[in-house]
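Each chain gets a letter, A, B, C, D, E and F, in the order it is written, and its residues are counted from 1.
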Amino acid sequence: MTEDSRLVTFGESMLRLSPPGHERLTHTDRLDVHVAGAESNVAVAANAVGLPSTWTSKLPESPLGRRVTNALREYGIDTAVAWSDDGRQGTYYVEAGTKPRGTNVVYDREGASVRTATVDDLPLDRIAAADAFYTSGITPALGETLRETTEAVLEAARGEDTLTVFDVNYRSKLWTGEEARAGIEPLLGDVDVLVCARRDAELVFDVDGTPAEKARALADEYGVETVVVTRGANGALAVHDGDVVERDAFETETVDAVGSGDAFVGGFLAKFVPTGDVGRALEYGTATAALKRTIPGDMAAVTREEVEALVAEGGDGGISR
Amino acid sequence: MTEDSRLVTFGESMLRLSPPGHERLTHTDRLDVHVAGAESNVAVAANAVGLPSTWTSKLPESPLGRRVTNALREYGIDTAVAWSDDGRQGTYYVEAGTKPRGTNVVYDREGASVRTATVDDLPLDRIAAADAFYTSGITPALGETLRETTEAVLEAARGEDTLTVFDVNYRSKLWTGEEARAGIEPLLGDVDVLVCARRDAELVFDVDGTPAEKARALADEYGVETVVVTRGANGALAVHDGDVVERDAFETETVDAVGSGDAFVGGFLAKFVPTGDVGRALEYGTATAALKRTIPGDMAAVTREEVEALVAEGGDGGISR
Amino acid sequence: MTEDSRLVTFGESMLRLSPPGHERLTHTDRLDVHVAGAESNVAVAANAVGLPSTWTSKLPESPLGRRVTNALREYGIDTAVAWSDDGRQGTYYVEAGTKPRGTNVVYDREGASVRTATVDDLPLDRIAAADAFYTSGITPALGETLRETTEAVLEAARGEDTLTVFDVNYRSKLWTGEEARAGIEPLLGDVDVLVCARRDAELVFDVDGTPAEKARALADEYGVETVVVTRGANGALAVHDGDVVERDAFETETVDAVGSGDAFVGGFLAKFVPTGDVGRALEYGTATAALKRTIPGDMAAVTREEVEALVAEGGDGGISR
Amino acid sequence: MTEDSRLVTFGESMLRLSPPGHERLTHTDRLDVHVAGAESNVAVAANAVGLPSTWTSKLPESPLGRRVTNALREYGIDTAVAWSDDGRQGTYYVEAGTKPRGTNVVYDREGASVRTATVDDLPLDRIAAADAFYTSGITPALGETLRETTEAVLEAARGEDTLTVFDVNYRSKLWTGEEARAGIEPLLGDVDVLVCARRDAELVFDVDGTPAEKARALADEYGVETVVVTRGANGALAVHDGDVVERDAFETETVDAVGSGDAFVGGFLAKFVPTGDVGRALEYGTATAALKRTIPGDMAAVTREEVEALVAEGGDGGISR
Amino acid sequence: MTEDSRLVTFGESMLRLSPPGHERLTHTDRLDVHVAGAESNVAVAANAVGLPSTWTSKLPESPLGRRVTNALREYGIDTAVAWSDDGRQGTYYVEAGTKPRGTNVVYDREGASVRTATVDDLPLDRIAAADAFYTSGITPALGETLRETTEAVLEAARGEDTLTVFDVNYRSKLWTGEEARAGIEPLLGDVDVLVCARRDAELVFDVDGTPAEKARALADEYGVETVVVTRGANGALAVHDGDVVERDAFETETVDAVGSGDAFVGGFLAKFVPTGDVGRALEYGTATAALKRTIPGDMAAVTREEVEALVAEGGDGGISR
Amino acid sequence: MTEDSRLVTFGESMLRLSPPGHERLTHTDRLDVHVAGAESNVAVAANAVGLPSTWTSKLPESPLGRRVTNALREYGIDTAVAWSDDGRQGTYYVEAGTKPRGTNVVYDREGASVRTATVDDLPLDRIAAADAFYTSGITPALGETLRETTEAVLEAARGEDTLTVFDVNYRSKLWTGEEARAGIEPLLGDVDVLVCARRDAELVFDVDGTPAEKARALADEYGVETVVVTRGANGALAVHDGDVVERDAFETETVDAVGSGDAFVGGFLAKFVPTGDVGRALEYGTATAALKRTIPGDMAAVTREEVEALVAEGGDGGISR
């Protein structure tokens, strides 16, 4: 860990509390604890697939805040945290449904320490030294301070030739589509790679059409070099310098879908950052997302070998003995 | 809870003991405890969907008997219990199978206190004040005393213009089809709403044909105003004053099927009792049953909002965040 | 539950989240969920020992808020809740130590819905109809609004000849001793029964001496008719109309000490409210507290029979079979 | 297991269901399953310490009945069961207290298949071939049929020169002291070794004095060759042919006290049956009981080596590595 | 258990350690313990379906070795073990995947005591007295000593007219296909029934074609009277004295696939050994395998009645109550 | 983690597998997984108390080996591992006793990858750059290769002015006292700080007398500048340049004693390395050990603040709220 990280991500990471199995929050006597957040999830996935990663944020100086960094270190990523005496540790509750009951997320993240993070809380030198920087639309959704910080850090990263990556990650429980558009558009001038779910293209940017049309529209409208549009079950497509590249998703039997979008981005970056090969990066992304779906919790506890084997040979879930 | 309940149900409620996952009873080191019984299940479901409900029964004055009322109160229903120094707390064991092994129920309910319940043990004033009264064929199956009590309470309820609802709920481990018919037929003269599974119509009443034909036959034979016939996977149909109303089931990925029939009845009554709208009531019933299938245990831990959203929009089990 | 409650309590109730055994918060993968709060704890204990009780408060309309009322109903008490669309559900984390590591409580209760509760949110008619009303120093510690509400509700209760009971319950993580004194003193003019831990008498009211001297000093200073001072391991003493009554604690092997002070108050009130017998009430209080110490979680899941047997015969933890 | 067992025991074995930790039955969501019964406990302990043992009884042909024999075989003892289509599997619930709350046993054993066991259900040939036969006062307490069966089997065993061993094992929830005396006295003429707790000597036989005096009184009154009186914390004393032999208990930190009396008897017999050495047998008994106290469940999952090491060297609970 | 076993199996049995659910070995905090090994699995399945069975092997004299025999006795089979002071207890780790992540087995079985087992460690008299003897290709894969022992015991069994059964059970983590062929071919001259997975026929014996062609080729090449070829999802086919008999698999919803091949063999032998009816035996085998797939762990905890009911009526996983 | 570590430790770290509670290995169905080893334990404790630490070793490239580094990173220490394709991951089983049954450790560490570690596998540059290097007598006990590696690395560290620390850590299940002496004596010429349990001084070095006399004897005999002798319950004493310094242990209620000796050394070094203050270092050591005893698992999951508060104020295990 003495070598510099090649990816730095910035955002909120929370305690994810979930009843066992399909129990209901209203009656559960137990909560399983995981640590989750789009940006730390991406760091974990990218790191697992081979891109050494750092996550940076602001946390309360408390056992709950330390629970977060302990988990991230367990998953191999470096942490650069501004420890704070103010604010709380964000949490959220996930109640796992099956058809027709949906999986329900109850956020309890108001007042989190991270909401006061300014650019001075961030390790700009590490971001400058890194190959890539990532954050998502969740960060500016958390308040005006974080919106300004996001803008400043993207600008700073780009100024240092660090590849800037932004995932729209629209969350309807945080803001409306219109608010999201207003909050995100000013940031896109400093973004090199934009990731956007097919549905978010419509809800946030009012862009219609096929996934490829949506990707082109976003690339044109905002002048972003690489736009990745993710489709259902984590297949994906990219428009890169005008060319469309597309990859199917792997068939999965899903154990836990939460975090698979972040795993896609982490796997994508692990290949894209060192090689610039969009097609291979999409394959790594879809493979990482598919493997994540077989694992409880948000974190893609996979290995580069597993991702490469899946890309090369596919996987049917058989027994290896 | 100071206002009167609008539904009163009467029957046995047991401790439901089940090994975790798909473990076998013959080897399990642990049993999960739930409280279950057709009539308390119906009360819980109806109450959850908006019809304030009371469950009445007889229980042993013991920690096990109190475990039952504690659970029912947790699920929001009022209890009116005759506490007894005689008899035991009924239990049953559920071993969850998957294909091709069936789910196996082992009853251990002989000698339960409830088997000596007479009409004097029941809160006839509350039943009179309620809008509806419910019991099922399981109650008279539990012995001659309970058969007589069932007859008396149905007659009393009807005499007070309380809507009487009866679910055949045939259990082959309690009595034969012939015994069931002999035990149930004398009760039907006091029944306003009869619920019967498609298969039970044949096994108990020797009625063949399509579900609609079965419903008509039962309505005609026994002079019941409303007959509901439930079909596979909890779709259902009703004959009401001669008209047939039918609703499909919702597609489900089932976590625990036990209790879904009772959830159907509870959801149905929550709509039918205040409105008399059979079609809407069937929708509420199938929606409540479908949601129950996603929840471990017999109890429909749902909200009226969830049922209404499912009826209005359907549900695909996605993530809400 | 159709009869009126004889005790009404008012305060915050939280989700109490604790790692299993003696695990540390910084590493735990699981949290056990209990519901706790001084005032709901007192209601549960008093109700268990025979005084029908209602808890009143303000909660967020969310699965977490409903988790609170579900638990309280499971323990047999009636709830009168103002459901709110604003504010969050308070939580706190308990990490159980053993010697020399202390048990550590991490509060996460900022921004709770209850903090905006005004006297209009409370069921004043029920409080008027009740025999007694209880709240503790934790309530005014939660902000100026709640301090005013506490003052108003104590005054209203007294005006209706409802016995008013107040437990100092000093929490150093909520306010300083000086702040507590400033917040509590103005309330004492409307208090009939004051409960104060020996140590809190010093920390909050700067009162020294033996427990009896402290009780007398508080009674004199604030003109309170009955002052109960609790000593180590839940023995207790009262000054009532100038007389000192004292009872030893029962010897215990403690499983969970949290909530035992509230259990004392609940047991005390269950005897004191109907009889006014201070000595017997102290016995019921110490017995209830001792039994609570053998039970995990804050709630005194005991029976009146158990309390009476302990008062009458003592208890050595042997096997009854 | 092809060689004959040297000890045969006869009695009821039940499913022992207990909430985890110190949870209360009235609220628990989980029950841990053990198999227990005085006579099977003795067989397990004796077998573990080196005396090959068979347990005989009558069980229902059901998954619950098979759960019992599976557990006993796991612990190494042979089972000779009359499988029955009538009667139920007895269960009991154990709620573990600590001071001052006692451990509470709730029996649910009415109607068990074993209550109809006659001497024809028992393997008399094996009992004849064995060195010793054991049953306890619990067996005749379970009804007139079993009382008669007990009498017949003791007589038959003695007639075959099999050493007959009887433990009074008074259970106040099964019968009164007077009933016990009336049920047991007629059996004692066929008993070679009588085991009686100090307290039971008083409650059942109205015998006072020191443990030695009690043992002598019982030996004289009933003409029993060897009388063992167990004292608090499982120390013990025997009168054998008029001589008193006494051994202290080992100091223990108890995890689960239930079954330790049976473990004492099993350890005692494992030494007494092959050697007739009363003093050494008492040492083996107290050592086996002390080790059992460190193990959850009724069964003495120990080894002969552990018992011998404890007898020889004592034990302080240190780490062996 | 005093009657002779009709089947004796010989091989390694291990502790199977697996994270709960789909957790990853790299992060799990808990391992569930089962006991598993092809030959003990076959004994358990055959015994459950009605063929009394003994498992023989060599184990370390340690708590871990005793854990193995305790489990096997719990499942009703007799054990004949050479206890050793040398060598360790083999373990393996199973990490359950779902599509596309495969289930991964990590062996930790080097240096196990069984690897030094010679024919002198085995109960040749019991094998001679038995109707059938079974071992699998895993045994000779564990080293030259075990290869020689396997050869000697097969020869000895055949010399005593005990039916010899051998399952190829190729494990790519133990040896290559070529090594397997070299190790197994010399044994086949003493084999009466050869079981071989369709895929292993190719990987080990380089035999192509349809399952029937493969079975014929193996029967011809090695002069084996009965060759069973198992196909996907446990359907199977046999060539017996030149005739082909074939049975479909039952449709299953799989909980745990590991051990289903062994369950097939056990079910097959339970019918084949007493009757010689190949077709019925295949039905019993596929039914036992299908039921095993619904049970966690390697062991077929089924009953003969369940297997017979499945063969006779099929099974859809419904509720029996 | 970009700054250099101030302490480097070298040794074997294992998977520690333990049944829950006081269950026995012979019957447990579950094992809790921790990572443990004297040298990694010391690194964790020292790091927690403020001395940045690295652990170095050799591990198999497998999920089990990665489980080890994941855990150590979770606890904040840096790892420098030689990943190997040969050898296995060492494990051990801990069965927790209470009086009189001892806690039993069953090692399964034969053939571990670390046993082939040579000095070339170690990061000598980091050891040179560190302030201190630590290993224990367990390392040379694991074979001749590791004995040589230990000798070489101690010599190398000393040659670079890195303080060398050695804990005798005698394990009777690894070697005899005589073997230990022969293996350790040649190393002591390169040791600056020697830690030795009072009992080990006798068993290994045949040194009698009071703890102070033992410390002096060891210091004189082997020319070690600082000798720390630990006494019962983790009190300790040091001879440093001829002076004796002594500190009492803290009173504890022990949850898990395993690893407390290592926690002592870690706490000691965290103070001794930066300050050289022996007395304060003993206080930090005894405080860290006392806190470790309240935590399940080997690892001292404490904070510097907790240790300092305990040293300053003592600790009675009360509630902080």
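Assume a residue touches a chain if its C-beta (ideal position, glycine included) is under 8 Å from a C-beta of that chain, and two chains touch if they have at least 3 such contacts.
Each chain and its UniProt protein: A, B, C, D, E, F = 2-keto-3-deoxygluconate kinase.
Because the structure is predicted, anything quoted here is derived from the model rather than measured.
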Query raised in the report: Stepping chain to touching chain, what's the minimum from chain A to chain D?
Result: 2
Query raised in the report: Where the contacts of chain A and chain C overlap, which chains show up?
Result: B, F
Query raised in the report: Based on the averaged CA atom positions, which chain is farthest from chain B?
Result: F
Query raised in the report: Which listed pair, A-C, A-F or C-F, shares over half of the residue-numbered contact pairs seen at D-E?
Result: A-F
Query raised in the report: Fitting the CA atoms of chain C to chain F, what rotation angle results, rounded to the nearest 5 degrees?
Result: 120
Report task. With contacts defined as at the top, give the pair, A-F or D-F, that has more of them. Result -> D-F
Query raised in the report: chain A-chain B contact: same residues or different, taking over half shared as same?
Result: different
Query raised in the report: Just curious, how far off is chain E from chain A if you go by their C-alpha centres, in Å?
Result: 46
Report summary line: So, in whole Å, the Cα centroid of chain C is separated from that of chain E by 62
**Report entry** For chain D, residues that touch 2 or more chains besides their own
**Finding:** 24, 26-27, 29, 70, 74-75, 104
Query raised in the report: What is the shape of the graph in which nodes denote protein chains and edges denote touching chain pairs (line, ring, star, complete, other)?
Result: other
Query raised in the report: Between which chains is there touch?
Result: A-B, A-C, A-E, A-F, B-C, B-D, B-E, C-D, C-F, D-E, D-F, E-F
**Report entry** Of chain C, residues touching chain D in the complex
**Finding:** 74-75, 250-255, 290-291, 294-296, 301, 306, 310, 314-321
Report summary line: The residues of chain A that touch chain B in their complex are 21-24, 26-27, 97-105, 107, 171-173, 257-258
Requested in this report: Using the touch definition up top, name the residues of chain C that touch chain A in the complex.
Outcome: 17, 24-34, 62-64, 66-67, 70, 88-89, 91, 93, 95, 104, 106, 108, 110-111
Report task. Provide the residue numbers of chain E that touch chain D in the complex, in ascending order. Result -> 1-2, 70-71, 73-76, 78
